[in-house]
């Protein structure tokens, strides 16, 4: 680098830093900082909110609940609205990371289906309101799987050797094996857990891969024949590959939800609550969920939804299917045991 | 030139603030306990270190080292001739060579790795090609195997090997080669006795970069290996995130950093002593 | 002096290039695929390129990533080169310690670096954003620059520098006209690695980013849950095209009128 280049580099540097600083404090409008999964909102709905309330919405993304927790816990903040899943809401409440919601600002909470009010992970909805939800069941390709599938036991069928895909999540998979044995998916009984893990070890040779994010592609492309899949993802798969069917096994499955919650150090708490209220408006929510293709817990929104959306059996699960589900509960320090067994399973040791 | 010892100061200050201080926090955490919620609590103990000696974790670390050494060796074998070719091309070709090798890696890592999934899966291009040519009668299961992981690792770290070797080759004293040639040395002999020793520093740097980067990589095992094998960094990751055991995660990191430093020092020593021997013979 | 390479070397290099570029060609091809899924080919389209420019999230993320990568590369290249040069002047003991310290950022697992820096920034009350990401990237990048420049220096004797000084050159002149040209390939290669690492880093950036500083890798990792949009493929295609064109132009402009002596250019 010669003298001229040095100067040039210095100039560029100064310029870029200036841009960085300026963009950091650009508008004087109040800002709502959302931290959520990618593509979790309809863009137009967000714009509508910005216009109606004359505010700016910042939308940043995380990739999984654990990343979110580690970041919030280590003080990575500045966010006003986050979307943790059910068990993560419970954990965050226990760790005192969430601010209680002021329901006076959220009258539209009345629109939420009774089935999702007062959940076990947040009794009385003090800290969270459900955003969307689904159930872990079995997705299978009817081209290759000819038998009737109605039990977790079917994953163990030797005919599907090398074609089984499991979620890459210790609680989901060990919970599934526990359910298969007739226990709670959140058992803290060491004997029950050990037996379930031994059972899973016998399934290992059949497993093609562990995957959470790309299970959809693997099923659409028929790399796998049968898999543990979330209902919402099953709907996504079936749209691209109509041969894929979905069932909630007779032993029951794990139900999950993503929620609205407000971190304790939020500087725009009231605005965040107004946002939740806005999203729970029947018309707004119909538009939003129609666009993102997830289940809508808003009972008043049903009339605004399209025929196609209402008829999707994988988005709107039946009462019967929902009655067989169980939330993942907190297992306390037994989480260490789950983690250890999981490491054993995945490393094949 | 005497002053330039002082130019270490900015770097030293920078590293102290942004590296040493945070690292001390990590070392501190590794000696602490945790409560049921996963919060780190002040309670001095060595439990986290004891846990490492569990055969489960020792085995995983061993697997990690084996895979990393394999990746490094393959990278070296593939990259050296490439770097040699570039370094011996005309100046314009050298620029293009370097750019052409680096630019693909400006594409996001995930995107690149998923492209390999498209190539290797059972309905993928490679299988269709082999089927079409009649070389195989049934699609091969190439994905979600150890081989796929190795391929992904080698692919990811090629530039880390090519660039340092290129840097060393480019400055080599070519007169030595000419002299050897004039004295009737075969190509192979002059490569073995002149080129290779002169580029040791490049091989060293490249190998260390690839080795260390491989041990720290976990996404490749998840995507191309179907998450069916664990690397030490998968474990560190999951201790900090899913398992919420920060002391164990920190202890693993401390062990990991120390063993890596030792391995690098040993490698360094082995390479230098060989280099010196060759030098003595030459003089 | 140019030595002629063995033909086998040429073939090997060609095969390596194919190996490096086959996945890239796929990415380019799929940026024109009309299906949202990276699955079967279902027709040619430009739609992803059009919607890419309407997608404010991608555009913001790209701008953030480039800002971070450029700034952190420049600073870490200067710091790393300084460190490599200063290292030669240090005493033996200090050298060993410093060498170990400079290797640390390369060895430390990303997640540790990210989380521990996050804790530190919190203690220092620094608001999280682009500045904190830049600081983090400089911290790991400068080590890579240092390592590569050192490689270069180790193969270089001090004779030329001494000769220059004996002939009355000031230390700046010696540095500028003797040392710098000799280590330039090392600096450039180091900068290339630094830029590549910065552009690709997810884990460290994730933890030290704040509102409004999402980088491209953070955005892409976030998208994985729902399937990465082909817009990203389109973006990658454009990135490669722009880079190669820029370098080609720079080369062309610099080489005009320079006669025999061909100049070699790289970014930075």
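As written, the chains take the letters A, B and C, and residue 1 is the first residue of each chain.
In the analysis below, contacts are C-beta pairs under 8 Å (C-beta built on N, C-alpha and C of every residue); 3 or more make two chains touch, one makes a residue touch a chain.
None of these values were measured; they are calculated from a predicted model.
Graph distance from subunit B to subunit C, where chains that touch are one step apart, equals 1.
Comparing chain pairs A-C and A-B by the number of C-beta pairs in contact, the larger count belongs to A-C.
Chain centres here are Cα means. That of subunit B falls 16 Å from that of subunit C. Note on chain placement: the centre of subunit A and the centre of subunit B lie 34 Å apart, centres being C-alpha means. Multi-chain contact residues of subunit A (touching two or more other chains): 64, 67, 70, 214, 217, 221.
Of all residues in subunit B, those touching 2 or more other chains are 114, 240-241, listed in ascending order. Annotation for subunit C: residues touching 2 or more other chains are 38, 115, 119, 221, 224.
Residue ranges of subunit C in contact with subunit B, taken from their complex: 1-6, 9-10, 12-13, 16-17, 19-24, 26-27, 30, 38, 79-80, 82-83, 85-90, 98, 100-113, 115-117, 119-120, 135-136, 138-139, 142, 144, 146-148, 150-152, 154-156, 161, 165, 171, 174-175, 182, 185-186, 188-189, 192-193, 195-196, 199-200, 202, 216-217, 220-221, 224, 228, 232-233, 236, 239-240, 243-244, 247, 251, 255, 262-266. Residues 1-8, 10-12, 14-15, 18-23, 25-26, 78-79, 81-82, 84-86, 88-92, 94-95, 98-112, 114-116, 118-119, 125, 155, 158-160, 163-164, 166-168, 170-172, 174-175, 177-178, 187, 198-199, 201-202, 204-205, 208-209, 212-213, 216, 233, 236-237, 240-241, 249-250, 253, 256-257, 260-261, 264 of subunit B are the ones that touch subunit C when the two sit in their complex.
Considering their complex, residues 37-39, 57, 67, 70-71, 74-75, 115, 118-119, 122, 127-131, 134, 176, 180, 187, 206-214, 218-219, 221-227, 268 of subunit C touch subunit A.
On subunit B, the positions that touch subunit A within their shared complex are 36-39, 55-57, 59-60, 63, 114, 117, 121-123, 141, 143-144, 222-223, 226-230, 235, 238-245.
Residue ranges on subunit A touching subunit B, taken from their complex, read 64, 66-67, 69-70, 91, 94-95, 162, 168, 170, 207-211, 214, 217, 221-223, 332-333, 335-336, 339-340, 342-344, 346-349.
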